[in-house]
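Shared between the two complexes below is subunit A, which pairs with subunit B and subunit C, respectively.
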Partner chain A sequence: MTEVVCELCPRECRIPEGGAGDCRVRVNIDGKLRATTYGRPSAIHVDPMEKKPLYHFRPGSPVFSIATAGCNLHCLNCQNWQLSQRGGEEMEQIYHLDPPELISMAMAQGCESIAYTYSDPVVFYEYVHDSSELAHQSGLRNVFITAAYINQKPLHRLCRLLDASNTDLKAFDDRFYRETNGASLQPVLNALVTLREEGVWLEVTNLLIPTLNDDLAMIRRMAKWIRRELGEQTPLHFSRFQPQYRMRNLPATPTETLDRARREAMDAGLHYVYVGNVFGHEGNSTYCPTDGTLLIQRVGYHITEYNLTEDGRCPHCKQSIAGVWQ
Partner chain B sequence: MNRITKARRVQIRRRRFLKLLSAMGLGILALPAIPARRGPAPLSLREADYYRPRDQVHKPPNYRSGSE
Partner chain C sequence: MYRLIRHWHHRDLRFLGVTGATLIFIALFLGTERPLLEAEGSSWRRIDQAAFQQRLQRGDLSGREAQWYHPAQAVEGNSKTSGPAP
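What follows is the complex of A and B.
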């Protein structure tokens, strides 16, 4: 019986023959580790880029979004738990879509990017890698929506194929990661720095859960870390929690909490701080950090006003706005 | 000209037979006649990257995993 050690993510699961890793989808069959959801997505949608959320990367463009079963985190508040907390064999719906077919389908749908999203794409790493390679050859871009619980070696290899990432920073607190997500903080911070160093366009999302990670002092520390390690131009999205899955005992995040967090992060020096999951909030929109001009107005996932110049500048003060606009 | 295909005729006969069985309270006999629901596509056997047999796991001095 050959036990294997998966070295994809910091869990480094020891997997006996016939067993699966903690993610449920990487299975030891006869001493070889198999990526059982390779080419087997269970969710396929065409979304606007704003849904990822990516606000500074090709705004308004349609993105072909896929996910397979499985996840290497076990968040008590998971919003995709029917997908993420299951193995491939438990899914009722599995498409057979190898990378070339995936690229053809994305192009046929008029998408210019592919998003690996919904569950965590780390667990279908090989599928992401091969599809991303083909996508680049076909002129498509790759978007990685992740909690970034991944080891450095595989991440470095993937970065050269990624164009943008929205990465969850679930809290600036290791205890929160351990108790709420079944993970740890430091590997995520390492991954964020790597994504930045490798030149992947990076936006960060922090879901604020009442009483668990909404402490303003912690938010200030997080914002300062982002400014120092990732840069003041890194967009930060504070997202509203909704009670679901195994965390129905807490209320939805009050808007005032999101407002306070946004102010705190802006005071810490971040230029682009957003509020998500609150329809019509002023924090959905992009403003010039120099003169406050409204640059992109968003309502839900829709862009209702777009004032950036073609080369991504404020129309009034000509300040260059960080992002990938073309 | 007969517009009903042979397959359709078989289908009609089968349905009549199933209705008769269920009317007689013998619906359970009809189970073998109901085609099984198509299952999901078989899972992939693509070999994963980044793993090692347990007995070959050794970390060189400069190894840096995300957890360190």
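What follows is the complex of A and C.
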């Protein structure tokens, strides 16, 4: 009986024959670890880039979005738990879509990018890797929507193929990660720094859950860390929590909490701080950090006004706005 | 009366001893076992083998070899090897 040790994420699961990793989808068959959801997504959609959310990366463009079963986190408030907290053998719907077919389908749908998203793409790493290589050869971009609970070596190898990432920073608190997500904070911070250093366009999302991670002092520490380690130009999205899955005992995040968090992060020196999951909120839109000009107005996932110049500058003060606009 | 109290005291001490040992055992389990599960990744899962094999044979699941793993014995023998070339 050959046990194997998975080196992909910080859990480093030791898996006996016939067993799966904690993610449920990396299975030891006869002493070899198998990526059982390779080319077998269970969710396929065409989304606007704003849904990821990526606000500074090819705004308004359609992105072909896929996910397989499984996840290496176990968030009590998971919004995709039917997908993420199940193994491949438990899924009703599985599509057969190997990388070449995935690229063809994305192009046929008129998409300019592929997003690896919904569950966590870390657990279908090999599928992401091979698809991303083909995507680049075909002129498509790769977008990685993740909680970034991944070891450094696999991440480094993947970064050269990634164009953008929205990474969840679930709280600036290790205890929160352990109790709410079944993970730990430091590997996520390391991954964020790596993504930045490797030149992947990076935006950060922080879902604010009432009473659990909405402490303003913690938000201030997080914002300062982002400014210091990732740069003041890094967009930060404060997202509204909705009660679901195993966390139905808490109310939705009040808008005032999101407003306070946004102010705190901007006071800490971040230039682009957004509010998500609140329809029509002024914090959905992009403003010039120098003169406050409205640059991109968003309502929901739709862009209703676009004032950036072709080379991504404020039309009034000509301040260059960080992002990938073309 | 004195004998009764002494008798009670004796039984109670034994009971408290057993209860204390149990609580210490539980505390040790919660304090050490759980972080070990998270940090060292012994958290593998059993899967429904019949359903898994059926989906695998039908092609709904892939048998593609993963990257980033090594056999456990290699570490025990202090000669860590990579799995298949990533």
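In the analysis below, the second predicted complex is superposed on the first by the 326 of 326 C-alpha atoms of A that agree within 3 Å, B and C clash if a C-alpha of one lies under 4 Å from a C-alpha of the other, contacts with A are read in each partner's own complex, and residues count from 1 in each chain.
Note that contacts are C-beta pairs under 8 Å (C-beta built on N, C-alpha and C of every residue); 3 or more make two chains touch, one makes a residue touch a chain.
No experiment lies behind these values; they were computed from the predicted model shown.
With both complexes brought onto subunit A, simultaneous placement of subunit B and subunit C is prevented by a clash. Once chain A of one complex is fitted onto chain A of the other, the partner contacts of A:Glu179 are absent, as it touches neither subunit B nor subunit C. Touch criterion met: A:Glu7 reaches subunit B and subunit C at once. In the superposition on chain A, contact is made by A:Ala191 with subunit B only, not with subunit C. In the superposed model, A:Thr37 makes contact with both subunit B and subunit C.
Judged by the touch definition given at the top, the superposed model places A:Asp291 against neither subunit B nor subunit C.
Using the contact criterion defined above for the overlaid structures, shared-chain residue A:Ile94 touches subunit B and also reaches subunit C. In the superposed model, A:Arg24 makes contact with subunit C only, not with subunit B. Looking at the shared chain after the overlay, A:Gln152 reaches subunit B, while subunit C stays out of its contact range. In the superposition on the C-alpha atoms of chain A, the part of subunit A touched by subunit B in one complex and by subunit C in the other spans residues 2-8, 10, 12, 14, 26, 29, 31-40, 88-89, 94, 96, 125-126, 129, 151, 153-154, 184. The touching residues of subunit A, when paired with subunit B in their complex, are 2-10, 12, 14, 26, 29, 31-40, 88-89, 91-96, 125-127, 129, 149-155, 184, 186-187, 190-191. Considering their complex, residues 40-41, 43-54, 57, 64-67 of subunit B touch subunit A. Subunit C meets subunit A in the complex at residues 38-49, 51-52, 54-56, 59-73, 75, 83, 86.
Of all residues in subunit A, only 2-8, 10-16, 18-22, 24, 26-27, 29, 31-40, 87-90, 94, 96, 125-126, 129, 151, 153-154, 157, 178, 182-184 touch subunit C in the complex they form.
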